[in-house]
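Below, chain A partners chain B and then partners chain C, in two separate complexes.
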Partner chain A sequence: MKAVLKSIGRFFLKRFKGIRRFIKRVWAHRQGKIGLTMVTFLVIVAVFAPWIAPFDPYDVAERTTKGLPPSTTHLLGTTINTGQDIFSMLVYGTRVSLIVGVSSGVLIAIVGSVLGVMAGYIGGAVDSFIMRLVDVLLVIPTLPLVIVLTNVLGRDFWIIILIFVAIGWTGLSRTIRSLVLVLKNSNYVKAAELSGASRFHIMIRHILPGTSHLLIMSTALSSAGIMVAEAGLSFLGLGDPTAISWGKMLADAQSGGALLFGAWWWIIAPGIGIFMAVFAFMRIGIVVEEILNPRMKQSSGVYKIFKNLNSSYVEDVFNSMDEHAQIGEASSAKGGAHG
Partner chain B sequence: MKKSYAIKRVLYSVFVFVIVMALNFFIPRIGVADPAERYYPPQGNMTDAQYEIIKQLTREQYGFDVSTPQQFLNYVGGLFQGDLGTSFRSGSPGVMELIVDRLPWTLVLSVSTMLLGLIFGIMIGVIAAMKRGRWQDTTLLNASTIMIALPGFFIALLLSFFLGFELEIFPAYTDPNMVSDFGWNMTAILRVIENAALPVLSMMVGSIVGYAQGTRNAVIAVTNEDFILTAKAKGLRNTTIRYKHTLRNAMLPIVTSIGMSISGLIGGQVVIEQIFNWNGMGTLFLEANNMNDYPLMMGIMLLLSGFTILAILITDLIYVLLDPRVTVGDRR
Partner chain C sequence: MSETKVNPIVDMRHVSVDFPVKGALPFIRKGCIQAVSDVSLTIHRGETFGIVGESGCGKSTLANAMIGMVKPTAGEVVFDGKNLYELSRDDFKATRRDMQMIFQDPFSSLNPRFNVYQIISEPMFIRGQDSEATMKARVIELLELVGLSKDDLYRYPSDFSGGQRQRLGIARAIILNPTFLVCDEPVSALDVSVHAQILNLLTDIQKKLKLTYVFISHNLAVVKSICDRMIVMYLGKIMEAGNVKTIFDNPLHPYTHALLSAVLDTDQTKQREQVILKGDIPSPIDPPKGCRFYQRCPKAMEGCKTIPAPEITVEEDHVVACHYVNGFPESVEKGEGYDTPLKQQADE
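Up next, the complex of A and B:
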């Protein structure tokens, strides 16, 4: 057990260096710069929300400030029914979106890579079981499934994140599996096998490093996808009822008569919030994809992953497996040489 | 070869459907000892003895009074007779009848979104690919960068606000008369089109951009193939190359993407139907969720999953038919 923890720890420590180098590569792209800057900005807003927001967004006490259009005191106006300051709500809403999106994205990367590597490397019954599970999750429409599960399991913050992870890992694990199938036959893995390394050791030290760039891409893209899904869920009034989120703001705007009374600021503001967050993470994902696969300047794969978290993006992102095998092998070979 | 593949593929779809069916049966039973508790949660002002009686009645009414495996068999048996169970609503209507009532309205939206999205998407995609690097292409790229990050329900709200409430071009809420007064005459059909305009438009925008981007990439990928170069070298006319060589081959990835996009379309439509108060399965699903009407929710889920399985199966088979190069068997 100790050895296992140690090797996992060493893996992440070494990856951390790699990730720093990788962020530099993303920064080198113009698109990457935009994405990284926007994400940093959003993180700062989320962390320092109480200092940035001029009013208390939870304060729904009877006010005289109902339905004010944007002005210097209320930058984005106020709500019609409760007179809450929309700018403050927008600032606080960043927290929910970022936490749900990023933590689901990271967890999806972990679950997807573990299951994908297992399916690809161990093969046999494990492989067919995991892949059949993917096929089943793929055909069940995502949003209705999320709604049913929140109904059965509850609507707490963490439960919602876990539900997103339980449904969202499928596409990534498929992609990782097909990459692993190629890596499995590469010379350095063969060499490790021949020198008597255990399966676990090979999976952690030789196969997993080869997929790490893919994991960064997946984290960015699935975070973006989950943010939209969370907004949709909150919009339907099925998110965490105690939190202020952008989706919930839109729902309040619709039910509070923003459409009817022409309070355009109440609709536009949360929409811009969602757009910014999603756009930022998408940019990073797209740049990483370009680094991975320079030949595809614009990818249809990204669009699909995003529109439907479950869709199989194997075929699209990895149109040409051999090209990726080369990239994978190159980066793993580097990882192997270091270790 | 092809026939055996088709049979295998059909059997596999049936297998997936059976698993989905089992999931459907077990999800409402997660975390409760007695399904009757899930279907009828205890109310505050009720004594234990009263609750026990109500649970007993619920068990009898919904067939929970037999063992779980027997319940599952009854459920599966019912499915084969087209019986999706009994809804929780007053009067205990069958789930199937409720769904069949709403199904056409949902299909009106999804089919027209899909067809219009495909037609416009492919057209725009082909134009962008032909004018690669020029303004048509860059506009598409910019549009798709922005559209990707805008959730469908936000677009729907904007359209409903500007076209529905401010300019009053289309109705922002579905006219209830659309359903009650429906008949096969001109006024009724026109009313459906008028009411469907905004929901379809808001779903269509995203799917047009998606299909256009996909088509553009597929066309460009084909343009780089050797056989296009050969066709050029043979001195074929440009239009012949364009329509007979490039487009035909570029259609293949688009055909497969249709099957996959159906699941996403259905999921997104739940929110859109809610915004426009459209009388479809999406609103039915949300109503069921609000009333904890599990038989109805699971019935809708099963039907939607069934549709998706069927769509993926059909596109897979079409793909094999269209592309003789596909070596059957390695697609899984």
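Up next, the complex of A and C:
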């Protein structure tokens, strides 16, 4: 027990050092600098929202300020129907978007990696169970499920996060499982087993670090994706009705007739917010992929990710599939070879 | 000599290893791959024991069964007086620390995310009895033993060449002072120019630490130069076993003949009889009933098809399993014309 606690402690300590080193490496990239700066900026805005926002975004009492265009007092104008200050709403909206996006991204990475590594390394019944669960979850259409679940379970944004995680881990765990299948047959895992390492030790020290590039990339990219999804959900009127989020601002703009009255500032402001957040996280995701995969170092760009997806682990998966096929062929060809 | 014979380090008795093969439908077993079938052998303390055979003949599986990586389906493995597969979990782990392995491919046997210190100290780290300082001192000591320097401590495997990586693998294998080391083709993935260096290093370490080696190889020249005793395997069975000198001086089994004649010689003037085998090694899923080698054997007879060849001691420390050498056993019922040579093989 003591040894287990010790190794967990060491694990986290090392991760901590690793994160510091990692941020330094991201900073070394131009794209990474852009991403990190923007994310830091968004985090500061979210944390210090009450000090940054000049007005109370929930304040609908001041009916005299209805539908004002951008000016020095109202930086981004006000809403048409309630007269809320849009800049303040935008600042407060950062909180919801960041919390929903980042926490779902992190939770997806945790759930996906734990289940993926377990399925890949332990195998057998555990593997079958997890993979069948993935199959079932993957065929369920996402949006209708989310709509139904938010209606049943309520619209608190923690519930929305949980729903996104419950659906989002499947793809990641599948990719991780296939990577683990390759890693667990490597000789260094065998050497560790030979020295008496426990399954836990091997999973934590050898297999999980081997999937880290996938995890970090997935966290960054799925955070971005979920921010958009959350905005979409709020736009459909399915978000948390009490919280101010960018999606809800768009929904209000739509229902409040922003287009009709030419209140462009009401539509553009939340759009800029969503764009900035997604752009920042995408930058980080791309840079991480570049750092951890030396084959990508020479050039950057989104298409490289896809190119690389094809050439690295997907190829490994195909190779392992080929090996299985060959064993099968050998067994069926045995009659003809020497008959 | 008599002492070592009383107390061998590894004693395998009638060990078989089968792997189930899954069929196309679930729950239906298609059959078994008999990777190793009914192998008995004894490895004495301090010797180098060679295992020779072509790819897929069960060399590596046999070695894995020896060190507890693959559980045999039948038979028992006695290591240092203890039956390996009847020990409790903790005893098993403790016993297995006395054995280590050097892998064929030095590129996949080192975790690319670990630095040299982490790689070499890992067995000690797993055992969890030593402080950081002791581990570091030990790693530096080992690095110098295998011919690397202290400055390499925090470098990563990608900074090293194949030969240097194999040295790291050796250092990792000997850090816990094992008594028994399995070398699974340790030089076959390396440049020819590095072979001798690594082999010399291995023999030096053996002398210093009094290790017992099992040396898996398909390179007969290497086996001849460093091994004391050897077995020749074919399709999961021992064909010929004994002292390396005896076997090289007086090879009896047709398969050993074929292997020896396939060795390349730089001396072109030396004319030798060439035995070229036809075909491939048959599938181990459904091996021949009789002698496993009869389909490719130039000396095969009718009886070889159905009567298994027993291992018979022909001279001191020399065992051969072949009907052509030993004659058919008298106790077994033989069919008509059992000793006529098989036609197609004889003609070829």
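Odds and ends about this structure:
Everything below uses one rule, namely that the second predicted complex is superposed on the first by the 283 of 339 C-alpha atoms of A that agree within 3 Å, B and C clash if a C-alpha of one lies under 4 Å from a C-alpha of the other, contacts with A are read in each partner's own complex, and residues count from 1 in each chain.
One rule holds in what follows: contacts are C-beta pairs under 8 Å (C-beta built on N, C-alpha and C of every residue); 3 or more make two chains touch, one makes a residue touch a chain.
Bear in mind the structure is a predicted one, so any value in this text is a computation, not a measurement.
Contacts of A:I80 after superposition on the shared chain: neither chain B nor chain C is touched. With both structures placed on the common chain, the touch criterion links A:M203 to neither chain B nor chain C. More residues of chain A lie in contact with B than with the other chain of the pair chain B and chain C. In the superposition on chain A, A:A3 makes contact with chain C only, not with chain B.
Of the two partner chains, chain C is the only one that A:A191 touches; chain B does not reach it. Across the two superposed structures, the residue set of chain A contacted by chain B and also by chain C is empty. Listed in rising order, the residues of chain A touching chain B in the complex are 131-132, 135-136, 138-145, 147-149, 151-153, 224, 228, 231-232, 235-236, 238, 250, 253-254, 258-260, 262, 264, 267, 271, 274-275, 278-279, 282, 296, 298-300, 302-304, 306-308, 310-312, 315-316, 319. Those residues of chain B that touch chain A in the shared complex are 15-16, 19-20, 23, 27-28, 30-31, 38, 141, 144-146, 148-151, 153-154, 157-158, 160-161, 164-166, 172, 206, 209-210, 213-214, 216-218, 221, 253, 256-257, 260-261, 263-264, 266-268, 270-271, 274-275, 285-286, 289, 292, 297-298, 300-301, 304-305, 308-309, 312, 332.
Residues 21, 24, 30-31, 67, 69, 93-94, 96-97, 99-101, 103, 105, 108-111, 113, 119, 122-123, 126-128, 169, 172-173, 176, 279-280, 282-283, 285-286, 295 of chain C are the ones that touch chain A when the two sit in their complex. Chain A contributes residues 3, 6, 186-188, 190-197, 201, 206, 209-210, 327-328, 330-331, 333-334, 337-338 to its touches with chain C in the complex.
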